Every structure is written in structure tokens, then in C-alpha cells.
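One structure follows; several queries about it will come next.
Letters are used for the chains, namely A, B, C and D, taken in the order the chains are written, and counting of residues starts over at 1 for each.
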């Protein structure tokens, strides 16, 4: 029995798209970035991923009317509107694997699926928790396997130093590794966040600004705060599930260990 | 090696039956409803489900004579006696999966099995714990994927609001989701219960009343309390196993989190 | 990749043998009974079972000379010496599964393997902990699926009542259930033990007395205490592994729950 | 889906090589020995092992420039430079399995892979923690399945007694057992270490001295301390991951149990 399955709703024709991952993680920056892009670009859903490794629950709508839905990850696409833009695949979702093995399995399924579309680049989005609450502009940190990619993105303003991060846990890291194993260029972008906010509009904005510039997209950025607020309830629920799963099945971050860091 | 297996004892011919699930959960409402229906309707067992994901134990009879049995889920059927009634499949059992992956696997096996019978509707039964002990008539709450089903059952008296439930854990939720994935209409009914009673006759009665009316069944409801008492010992044992399994392998409900709820 | 494997060393011809299981459990009664039978009957090893579900360790000899061996379960056979005796298969081992799923898997592999020999009866041996240390003769309790077997063994002196046991965890219970699913008669015998002794010679003797009588075996019983002592070191090591595995991966017995019992 | 995979980079022709394993373990003696051999012998990498059973993380370089890599085990080879030397395969890595089942699976994959090269001998390297910090020369302890191997290595100075070790957890033990199942001679060497140093240069030196003598290698031993220091950061990160994985998923060593010991 297949424990992770992708249901294809539509087969768009895409031209070496950029793949952007925004699954739940620290500060829900990836998820908020992905959500904002999907909304403002009016991206269209074309596939759903279900996994036995997600928490075994049915989610209920926060408007409390008894509407139920399955935990899933969703693939959206956006077709370039002009020659400056690029085709995009966006992955958004309510859950990551509850157990270590599932992380590897789901990662492999995702890369196997998107590589059919010959993506030009895989961009995963996480958060980097600093422990400091302030209102300064948030840096976007990067991590990648290939030196050329580090060099290219450093020139574009991504910071590759001074994070003291030892490891990236879950999808954001594994998707980059699996992409590179499949000869697809890949980078993980991490929005600087306090780690004390459930979801961080400022950090979301910093990452969105970088990504829209990178993708030559002209989108209205004024509704970020509003949108981030709107998704608050969903994120609260995901966070609760996520926390439980992290506590029970995942390697934990020892809090005073300077050389190791948790990034979703 | 197949880790969940259904042993077929008989192949009844059924006419778009209603499927009712009553596995162990909060307040044992589903199990008590299923048990009462099986007894009073004299439903006949036609299949058994065994799973490596159940606790690895042999159960001993509560009458203490050394009689042993395997944990299993059991499928019963009832053939309509007149044209007002409907054919019914009832699923009852001693256990749910001990681990998250097993929940998904068992759910899939159950729906794959019953869909051969082209069920008209899947009804799963859980409990909704309010934390208040009183003697008032108990509401029956509902949750479903499709708006039409919510509308239909709302008209019939099922309440779809004000539960503050964020998620339904285990079979009751997953069976509805898997049924809908297979284009089978499905609803989860939850009896309001204090959550302090191991098994709740009043809540059982509320759900039974709804279901018998929905199914146009005329059954003697006077023995509910007696029957619920009779099954007390079995439920005590299941509860103990269930508790252990919940504590060890399942996402936990944080107690003061208003937006999330555990429903068996 | 097969996660449980049986290596066959020899294919004895056996005539409807009696199968006796003595894997590690409460009081190590099964293991001591199996070990004593193997020694005194000079039974011959004919197969070994290895499983990924055993603890991932290499055991070192207690005589401390750096000799290492794998955790395994071992099948021995004994050919009847006269027409009063019966052919016997004895299963002894250092480990049970560390996780619930492995218990079901190993059980299935064992029954699939021995059923080729058309066993007349499966006898599993466990311990029943009373919590009382005394020197009285120890009762042998029984549990079985079929009423006829309970009746037969009750006449032979096995006690089927007053145990207050709710469940049997692990191989002793599951092997009986799986045997019966395969239409092989089966019983679980449990030696009464305090539960405070790591291994209990008196309880071992009670079970051995019953089994040798049942099998019409004439064996020297005078060395039980000595043998039980001899195996003390091995059992200490198994106990330590077993304890860890029980603590981490198995449903636990709540200590003041009258209706539930742990039997290895 | 294959959960452990070996990617072959090159197929060297080797003449009954000696296989040396140096995965993370107590005192990181194996890993430091393997690392030192690879560096000084300029051994060449020819294969990589990836597993879903490793922690689901991407490691970041300790020089903090955002360079990311996958957890893996790596196979190196060294071709004998003269007829006194032997061909060697060295296995080094950042991780062992996070769960018990993965340990068995990875072990099997490793032995299946190297047995194609018809190795003359499998040598695994672990540490034996004494709990005493001192500057004395460190003994090298041994453990093996076959008496002849114990006898041979005892003559060469390996100590096979007085360790009070009850079990060897993980790769060092399982690889020896799996090698012997495949009729390959095998031994586990354990450097005596305090257990209080994250990585122990003195113990590394003792094991290296033995191994270079055994392999007739002339190598510069003067840089051990320096090299051990150099790998400090990497080992710190591995240790953190390893600790978490040990705490969560592995049988634990009860601290005052004289007869049982943990060796990585």
C-alpha cells in the first residue's frame, strides 16, 4: 500500500518553472509567502499530496460550522503573463510528516513529481529564529548545496553567514538535498524571525520582497499583514498539530546549544 | 506481508446500504450505538478486520474463565425488513490503531472493502466532550466534507456549530475523508458527553434516536442503560489499552487550547 | 527487504508434534521451561529466527571473553523415544519484538513455519505475577480460545479462573490466537509467580511438571534450581533489554488496575 | 520505495580488501580512526549510502557560510602500494539509524554491498567507556563471533576480557554479526575511553596503532591530535543528533547495571 500519494487534478504545460515550497515551519513564513503568492497571482491548484505520515486527523474549519477536510499538501501553478516573468509551481500545505522516515518519503515523492516539469530552480522557505523581538527589517538567510548558487544569491542580497545554524529539520532542508541529487538547482531561504510570533508578517514581507524581485513579479504587497492575520486560525491549528509531532517524533533542539539550530 | 487484513465470512447481497462505524472513542458512544443496533436488529457478522497496528495483546474474557480472543473490528449486516428500512452495515470493534500510520492504513482497508457494497452513506459516530456533567438531553453534533450533507443533516436536527473543535482524531474523521475521496457521501455524528463518564448512556440514546429515525427503524430503546452497563467491563479493558496507545503514539490535546478538540 | 527471517538448518520429519514456546517474559518461566526441556531431552536445533524488530544489539557472553552473538529465537526438535511420547518442537529465544507491529509479524512467521509440521497443539508459556512472595506450590493458570481446550485442560488440573487478567501481551498470547486462526489447537499456560523474582524456579517446576506429564516424558527434575541459576546471567541481560523495550514501545500495565494484567 | 540506498560512484578492483567501519559512536574513536586513515592514505570515495532512517535533517557547514549537505555514510578505498600492504575499504559517516529497524536494514545493505568485493576481514571500531579520566595508554578491547578470530587477535595484543560489557548497540556490533552470517571473518575493536570526552585522541591513537600494524601501513601518526581537533565541530553536531536519536528510539543503558554496557 502506497503511504504517500499525489492526486493529479490537471496537467499544466509549464516552461522550466521555479518551484517554491511553503509548508508549515518556524514563523510560518514559508506558508504565508506561498499563501500570499497563490492569492495574489490567482495560481491554480493542479495536484494534492496525501500521506499516511501526516497526523491521523480530520481538520475542522475555524468558522465552526462542522466543515471537515483532510490534511494535505497542495501544488499550484502560475503561467508567466509576460516574458519577464517565469512559470511557477507553489507547494503549500497543512502538515509535514509526523515521523522521520515520512519526511524522506514525502520529499522524494515531491521531487519525483515536480521533476517531470523540469524546474529551473527549487526554492524552499523556512524561518530562522533569533530570539529577539524587534521591528527592524528582517534579513533573509540562505543555505544551499552548490557554491555557485550561494555566490549567485549572495550577490542578490541573501545572507549566507553568521546564522550559527547547525541543521535544517524537515522539508525545507531535505527538498534542497533531494533536488540537488536530481541535478536540480536548489536553495533554502530563511526569513529572520523572533521565534516568538506564531506567524510573522515582517519576515514574510522580507522573503516575499526578495522572491517577487527574483521572479520579476509585480504584486500588491499592501495586504500582507491583513492576509497573515486572516490565516491566523488555520496556523494556530497547524501549530498545535506540528508541536505535538515535533515533540514526539523529531530530534529536538537543545536550547543552549550555540552550534545547532532548528529551522522549519 | 499484509499488515491489515479483512477475513470475509459471508458475502451478503446488500442494496446501497448505510454504513455505521462504532469503534472505541470518547464516551464509547459509537461503540455502544453499534452494539445496541447489532443486538436489537440481530445483525449478522460477515467479516473481521485484523491489524498489526492494533495493540499486540490477546484479550481475556471479563468473566475470568480464561477465554481469550484477538483484538479485531467486526462487520455486521442487516437486511431491510420492509421498504421503509434500509440495508445496513455496522462496524464495531475493540481497538483502533496504536500508531498514526495504522490509522490511515486501516481506514483505507475499510473503505476499500465496503465500497464493493456501493454504500449510500457512511456515518461515523464519535463523542464530543463538553467537560460538564448534567442530565440534560444531549445534542448530536455533526461534521462533514460536503456542504449539501451539512445542509441536509442540519434540517434533520444535527448541530454543526459552536463545538470549538479543531480536529477529529482517528477513525471517525478519517473514514469520512476517505469515503468522500471515493465519492461516497459521509458524515461524522458526535454525541455530546461530559467526557467524565467511561461510557455515556444518555449520549448513546441521543445518537441512537437520531439514527433509528434516519433509518426508519422501529427498535426498543428501553434497554439502552442496561446494555451500556453490560458492556462496561469490555469497555474498561478497551479504555485502558486505548489510553496507553493514545498517550504513547498519538498527537495530544493541550488542555487549555480553546480551538482544538479531541473526538474519538 | 524481509524484516523477519527464519534460517532452516535441518528439516526433521516430525509426527504431529507438540509446539512449546518459551520466549522471554514475566518470571522467565517459559524460557526456563524451554531451556530445561532442551537440555534434558537433548533436543536438536533445526531453525533460527532473526528479526529487525529485535533490539539492534550484539549480545556478549557473560563469561566476558568477548564472544558475541546475535539476538535470535531458536527452534529445537525432539523425536519421541517410544509410543507414549510425542514429537516436540521447542521455541526458545533471547528476545521478543521491540515494537507492537513486530510482535504480530514474528508471530505470523512462527506459525507459518511450524504449521508445515502439522502440529497437534501449540502450548505457549508465560508467567502470572501475583505480587506475593511465598513458598507454596505454584498454580498453573491457562487461557485459550476454544471452550473444548479449556474443558480438557481444566480436567488435567490447569486453573482457568480467578486470575483477574485482562490481557496477555506479546508472543504468549498472539501465538495462541494465530494458531487458532490456522485451525491449530492452542493454549497459553502461565506459571504463578511473585513477579519479584527475575526467574522463578518454583514456578518453572510447576509448569514443567504439568508439561512432562502431559507429554508422557520421564525426565530428571532434580536439576531445575541449578539450571535456573545457571541461566541467571543471560536472563539478567535479556531482562534489561526487555525492560527497555517494554518501557518504550509497549502498552503498559497500570499497577492498581484490577481488571488488567500483564503476562509475558 | 527503497528506504536505504547506496549510490555507486566508481567500481574499484580490490583484492580481498580489509573493511574498516568508523561510524559515529562512543568517543568517536571509529570515526576519527576512519577519518585519519582516509586523510593520510588519500583514500578515494567510491560509494555513498543514504537512508530514510537517518535523522531528517540537512547539515550546515560549521564555517557558517550556508553550505548544506545530506547525512550519509561514505565508502572509500585504498589500493595496496606494495605487497606488504592490503587493499582497504573504509566506511565513514555522519549518522547511524534513528530507529532500531533501520540499524538492521542499513547493516544488511552495507554487508550486501561490500561482500561483492570479497573482503578478507570486517573490522568495526567502537569505544568502551570506563568512566575514568586518565592519561595512561589505552587498551584496545575486542569482541567477535568466532573463537579462532578471538584467539588470533588475542595473540596480536587485543584484550578480550574484563570489559563487563553485556551488549554492543548499533552498527559496530550488527556489522560483525551480519558479516559472519555471510561467512566473512569479522571483529569489533573498541578503544578504551573515559566516556567523558566528546572525541578521544589517545584512544584513537591506540586503535590506529593496532590497525596500521595489522595492515602493515607506514603512516605519520603525529597529526592525530591536530586532526581530532579539526573534526571537533562536525563531531559536536553529530553528537547532538546522535544523542537525540539515542534518547528517543534506542534501548538505554541503565547506569548502575554492572553487567551491561553501551558501546557505539
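We take it that contacts are C-beta pairs under 8 Å (C-beta built on N, C-alpha and C of every residue); 3 or more make two chains touch, one makes a residue touch a chain.
Given the structure is predicted, the values throughout are model-derived calculations rather than measurements.
Asks: Over half of the interface residue numbers used by both subunit A and subunit D, so same, or under half, so different?
Replies: Under half shared, hence different.
Asks: What rotation angle, rounded to the nearest 5 degrees, superposes the C-alpha atoms of subunit A onto those of its identical copy subunit B?
Replies: Rotating subunit A by 90 degrees superposes it on subunit B.
Asks: Quick one: subunit A and subunit D, Cα centre-to-centre, how many Å?
Replies: That gives a centre separation of 37 Å.
Asks: Whole-Å distance, subunit A centre to subunit C centre, using C-alpha means?
Replies: Going by mean C-alpha positions, subunit A sits 52 Å from subunit C.
Asks: Going by the touch rule set out above, which residues of subunit A reach two or more other chains?
Replies: None at all.
Asks: Which of line, ring, star, complete or other matches the graph of chains that touch?
Replies: Chain contacts: single closed ring, each chain with exactly two partners.
Asks: I'd like to see which chains touch which, written out pair by pair.
Replies: Listed by label, chains in contact pair as A-B, A-D, B-C, C-D.
Asks: With touch defined as at the start, can you tell me which subunit D residues reach subunit A in the complex?
Replies: The contact residues of subunit D facing subunit A are 1, 3, 52-60, 62, 64-70, 98-99, 233, 236-237, 240-241, 244-245, 248.
Asks: Per the contact definition, I'd like the list of subunit A residues that touch subunit D in the complex.
Replies: 97, 100-101, 103-105, 108, 141-145, 147, 150, 159-170, 172-174, 176-177, 181, 188, 249-252, 254, 257, 259-260
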